[in-house]
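Same chain, two partners: subunit A is paired with subunit B first, then with subunit C.
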Partner chain A sequence: MSIKIGTKTYADRIQEGIDNTFMRHAVSSAQGRFRTGRLKAAEELGDWEDWRTLGEEIRTHTMENLDYYLYQLSEQVEKRGGTVFFAETAEEANTYVQKVAEEKQARKVVKSKSMVTEEIGLNEALEKSGCEVVESDLGEWILQLDEDPPSHIVTPALHKNKSQIRETFVKKKGYTKTDDPEELAAFAREQLRQDFLEADIGVTGCNFAVAESGTVTLVTNEGNARMVSTLPDTQIAVMGMERIVPTWEELEVLVSLLTRAAVGQKLTSYITSLTGTRLENEVDGPEDFHLVIVDNGRSKILGTEFQSALHCIRCAACINVCPVYRHVGGHSYNSIYPGPIGAVLTPLLDGYEDHKELPYASSLCAACTEACPVKIPLHEHLIRHREIIVEKEQKTTKAERLAMTGFAQWASTPAAYKLSTKMAGTVLKPWTKDGSIKNGPGPMKAWTAARDFPAPAKKSFRTWFDEREKRREKDDRL
Partner chain B sequence: MTVYNRERFLDQLAGQLGRDRRTSAERPAYSVQPQERVFQGADQDQLLEKLKEQCKIIHTNCLVTTADELGETLRHVWDEDHIQNIVSAGGPRLEAYGLSDIYETMRQDGYHVHVWDEQEGRKNVTTAEKAGAGIVFSDVTLAESGTVTLFNDRWNGRSISLLPETFVAVIPKSTLVPRMTQAARIIHEQEKKGVPVSSCVSFITGPSNSADIEMNLIVGVHGPVKATYIVVDDM
Partner chain C sequence: MNVSLFITCLCDTFTPDVGKDTVQLLERCGCEVDFPAGQTCCGQPAYNSGYTTQSKQAVKQMITAFEASEYVVGPSGSCVQMVKEYPHILRDEPEWRKRAEHLAGRTYELTQFIVAVLGIDDVHSTFQGTATYHPSCHMTRLLGVKDAPRRLLENVQGLTLINLPQGEDCCGFGGTFAVKNAAISAQMVEEKSCHVTETKAEYLIGGDMGCLMNIGGRLSRNEEDVKVLHIAQVLNSQ
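Entry: the complex of A and B
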């Protein structure tokens, strides 16, 4: 997979999302739970706005000094026996990981959940090198068995129900029990335990690297990331280059923001901070540790008006409050990063060409900006994207550009404007019933397919105003 | 132990930021410090109450005992779940809490108690995989979130707190602090002094869990299914 997950058109994806009743129900109920969890956690903590301010200040400072902190991180990792590979592109990152796998003659690779490895398509690369790759996060494992892309960055299989999951387990793994989530999870535990014990390489992502000590921190609940970093002899951690903090003091603040904003937990079950290889007298943990730091388009965002998009800590709070995501679901965005942050980030990482519709998948209600724990002005970025798409990139359709040119001419010609406002009611009369239009012609069709359009008033505002003024003059004279 | 492509990569970042490469950075004085205010001034008894409250939320059994009764408490925890095979962290604290003697008595009573022993290498992991319970000592305990912090090392392998179905943490009451802020500060201060952080710091909050299937909370996924904290009054 890469950042883009399919080839269907935007309109088709949206329609599919809207028609998927189970998914829409699941998403709206999940949004409700996530939202309540986040608000409750924020209230319990108190001073939430101060926490957000602190989060923003930390992210701003770190991005402004990113070259230094990445340097410090790499020095520290090396000091602790690790190898660091800076990868400018997805290909560079994948080739390096393939090389390590080949050197180790690895046959089985276990992974814990990582968005950046989805983004660069690492699984496919490793499979090409002859490795069996096993996703071990419960949600990711379900998706891997079903060959389905994630639809949410925290709970990737949100769009699936338990009977679909059961069916997948039956078909792919010979599961024989019920669709009770506990039983399904117990089955995954039993199946994956063997994979953890047999794997040659463990691949993890990285929520936050700590520059001062060369540490990679993973924020998880299931325990699979601990398995992946405890049992195999080789560990490869892959991180987006912006996922870093200066010291443990900043780490602690961002972790506190992340767990609350993501799931309303004070801390997740496991916050695991890994530094280099296991020490000489230790018997578990990797003897060989690699950190791959990925750019893949991120540096182009640095130093631009979109820099704060790199502040994202991947909590999905913006996704969980978005009314558009609620109705169309994650797959409609055609990106592994859905929702408001996805609509901001995807065109920046992968270009406007394939993702020009995303900034329009927003009502600009600003709920995302309000929910963001590090205060990224998401909706403002979306507006700016739209401006760029229209003005610089000229990515709008010919019909739209023609219509806009026409509109400009029409609206700046008083006679034409006057005539058409006067005529509108008459022209639309065949479609008007009881003061509204239910099945409009031509360009109105898209609107009236979903809701009524009010019929134009019998009198235009200007006519009404003129008549009123005349009446008043007359009254004054009396 | 090499670093690849660093100069090219970091030069590109500095270029984007419109300046020369930086060779140092001063952390700013942040305008707010809300993390310092959480449970500020609370004493150990108050922190213990907070911990107990939080344990109810994180599906964790919280017991309070004395050093003298620790053996009995442990036996009670194991018997409750019919656990016969136990793996335990070793090191100086084993003696300090009299656990060596307790384990010896238990072995005579038919329990299999394995104390992590680096000499045995990977065999420790295999033993942990078969054990019903893993026993560790908390290094720093976070009252707010109900979190046990482990500085994993030669005596406390990562597998002990991960592979067995039941996770048991012995928590010296003196290790209680308000929240992660204090634990992070300890590590940060040590780093500044040149004392390197342990190869794995595990912040563990109750049993493993997942909400990946229809947002239902499932307790016990890949890690432990059950968690018990035993707070020992050491003050």
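Entry: the complex of A and C
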């Protein structure tokens, strides 16, 4: 996989999402749970706004000194026996991991959930070089069996129900039991246990890397990341270059924000911090540890007006409050990063050409901005994208450009504006019935397809006000 | 206190009654209301669609129109919030930015002005009926006006307020979004309308004509008999 997940048009994707009533029901109820949980956890913590401000400050400071912290991180990892590889592109990252796999003569790789490996298409690359790759996060495992992309960055199989999951298990793994979630999970556990034991390499993502100690921290609920990171002798952690904190102190703040913002938990079941390889006097740890730090377009965002998009800690709070996401689901975004943060990040990482509709897939209600635990002004970034699409990329239609030029002239010429308030009723008269328009002309059609449009008033406000002023002047004179 | 009314193009053209009620309400609160005739549209349709250059023409027109005003008050959280964006939009033109800052600092949404500037939270109005209130997104999240409308409504004699489920959700208007992403917008407004009818309230009250036109248009399409009112109409009712 890469960032882009398919080839369908935007309109088709949206319609498919809207028509998928099961998915919409699942998304809506999950959003309800996540939202309530997040608000409750924030309230319990107290001073939520102060925590958000602190989170924002930490992320801003880290991005502004990213070169320094990346250097410190790589020094520390190497000091503790690990190897660091900086990958400028997805291909460089994949080639490096393939090379490690070849050197180890690895046949099986187990993975814990990682969005960046989805982004760079690591699984496909490893499969190409002859490795079997097994996802061990339950949601990711289901999707892998079903060859389906994730639709959410925290709960990737949100769009599937238990009978669909059962069907997948039956077809792909010879499952024979019911669609009871406990039975399904027990089956997955049993199957995965074997994979953990057989794997030659464990691949994890990285929620936060601590620069001062060269530590990779994983925040999970299922415990699979611990199996991935303890059983195989060779460990590879893949991280986006922005997933870094200066010290353990900042780690604590960001983990506190992450778990609460993501699922309303004070802590997840497992928070795993891994530092380097097994040293001579130590009893555990991997023989070999590799940290792959992926740029893949991120450094181009640094120093631009979009820099704060790199502050994202992948909690999905913006996705969980987004009304657009609720109605169309994750796959409609055609990106492994859906929702508001996806609409901001995807064009930055993968260009406007294939994703020019995404910045418009928002009513700019700013629920995302309000929910973000590190205060990324998501809706403002969407407006910036639109500005670039209009002015730099010039990807809007001629009709729209003409309409906007007309708008500018109308709104900067009071006489023309005044005339339009007078004429609007007359112009729309052929379509008006009983004070409203049910099937409007031109661009109004899209509006009236779902709702009535009010007929313009017979007398505009400004005419009424003018008349009132004149009446008053006359009264004063009398 | 001298107040210049910022009517908004929607109220001007479609709901002049909301404008009349706004004028009378402000006068009842002791203000002298004038109407600078040079005002047009705040420019938001162009700005939010990415046409910043085009929006600037509207923005400059509005700044010029309200140059002499002491206070500028509008019956819309969204349009007032747009005025607050003016300094940012004109950040590269220092002279204009200064004028934009001057205007943004004196511009208020109607209920915000009554509560925060005039210090009034009871406008002595009477309105019989049950109503639910839609807190629009730009007014609450961007402008930060959350309590003022409720405080004023709670003091209206005869009015029973019923909580709107998931009230904080967007109605799907979003300006050009309603046309450009009509399919998604239609789903959003349907969901909002269902929440409104669920309350069984006789009236839906809001502070932004854009949202009210959207929800009202859907309610009327669904042949629901919920009546839609701008908050100025309720607060000016006696």
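Here is the rule we go by: the second predicted complex is superposed on the first by the 392 of 478 C-alpha atoms of A that agree within 3 Å, B and C clash if a C-alpha of one lies under 4 Å from a C-alpha of the other, contacts with A are read in each partner's own complex, and residues count from 1 in each chain.
Just so it is clear, a residue touches a chain if its C-beta (ideal position, glycine included) is under 8 Å from a C-beta of that chain, and two chains touch if they have at least 3 such contacts.
Since the model is a prediction, treat every value here as computed from it, not as a measurement.
Residue contacts after overlaying the shared chain place A:G303 against subunit B, while subunit C stays out of touching range. When the shared chain is aligned, subunit B comes close enough to touch A:L251, but subunit C does not. In the superposed pair of complexes, A:E119 makes contact with neither subunit B nor subunit C. When the shared chain is aligned, subunit C comes close enough to touch A:P456, but subunit B does not. Applying the stated contact rule after C-alpha superposition, one finds that A:L231 touches subunit B and leaves subunit C untouched. In the superposition on chain A, A:N221 makes contact with subunit B only, not with subunit C.
When the two structures are aligned on the shared chain, A:F85 is found in touch with subunit B, with no touch to subunit C. When the two structures are aligned on the shared chain, A:G139 is found in touch with subunit B, with no touch to subunit C. With the contact threshold set out at the top, not one residue of subunit A is in contact with subunit B in one structure and with subunit C in the other.
Those residues of subunit C that touch subunit A in the complex are listed here as 5, 7, 9, 11-17, 19-20, 23, 35, 37-41, 43, 45-55, 57-58, 60-61, 65, 137-138, 141-142, 168-170, 172-175, 177-191, 213-214, 216-218, 220-221. The residues of subunit B lying in touch with subunit A in their complex are 1-6, 8-10, 12-14, 16-18, 21-25, 27-28, 30-35, 37-38, 54, 58, 118, 120-122, 124-125, 129, 142, 144-147, 152-154, 157-159, 162, 179-181, 183-185, 187-188, 191, 196-216, 218, 220-224. Interface residues of subunit A, counted against subunit B in their complex, comprise 26, 29-30, 33, 45-47, 50-51, 53-54, 57-58, 61, 64-71, 74-75, 78, 80-88, 92, 96, 136-139, 142, 155-158, 161-162, 165, 181-182, 184-186, 188-189, 192-193, 196-197, 212-213, 215, 221-224, 226-227, 229-231, 241, 246-253, 255-256, 263, 265-279, 281-285, 293, 295, 299-300, 302-303. The touching residues of subunit A, counted against subunit C in their complex, run 11, 14-15, 18, 323-324, 327-328, 359-367, 369-370, 383, 385-391, 396, 400-401, 404-405, 407-414, 417-418, 420-421, 424, 436, 438, 443, 446-447, 449-454, 456-457, 459-462, 464-466, 469.
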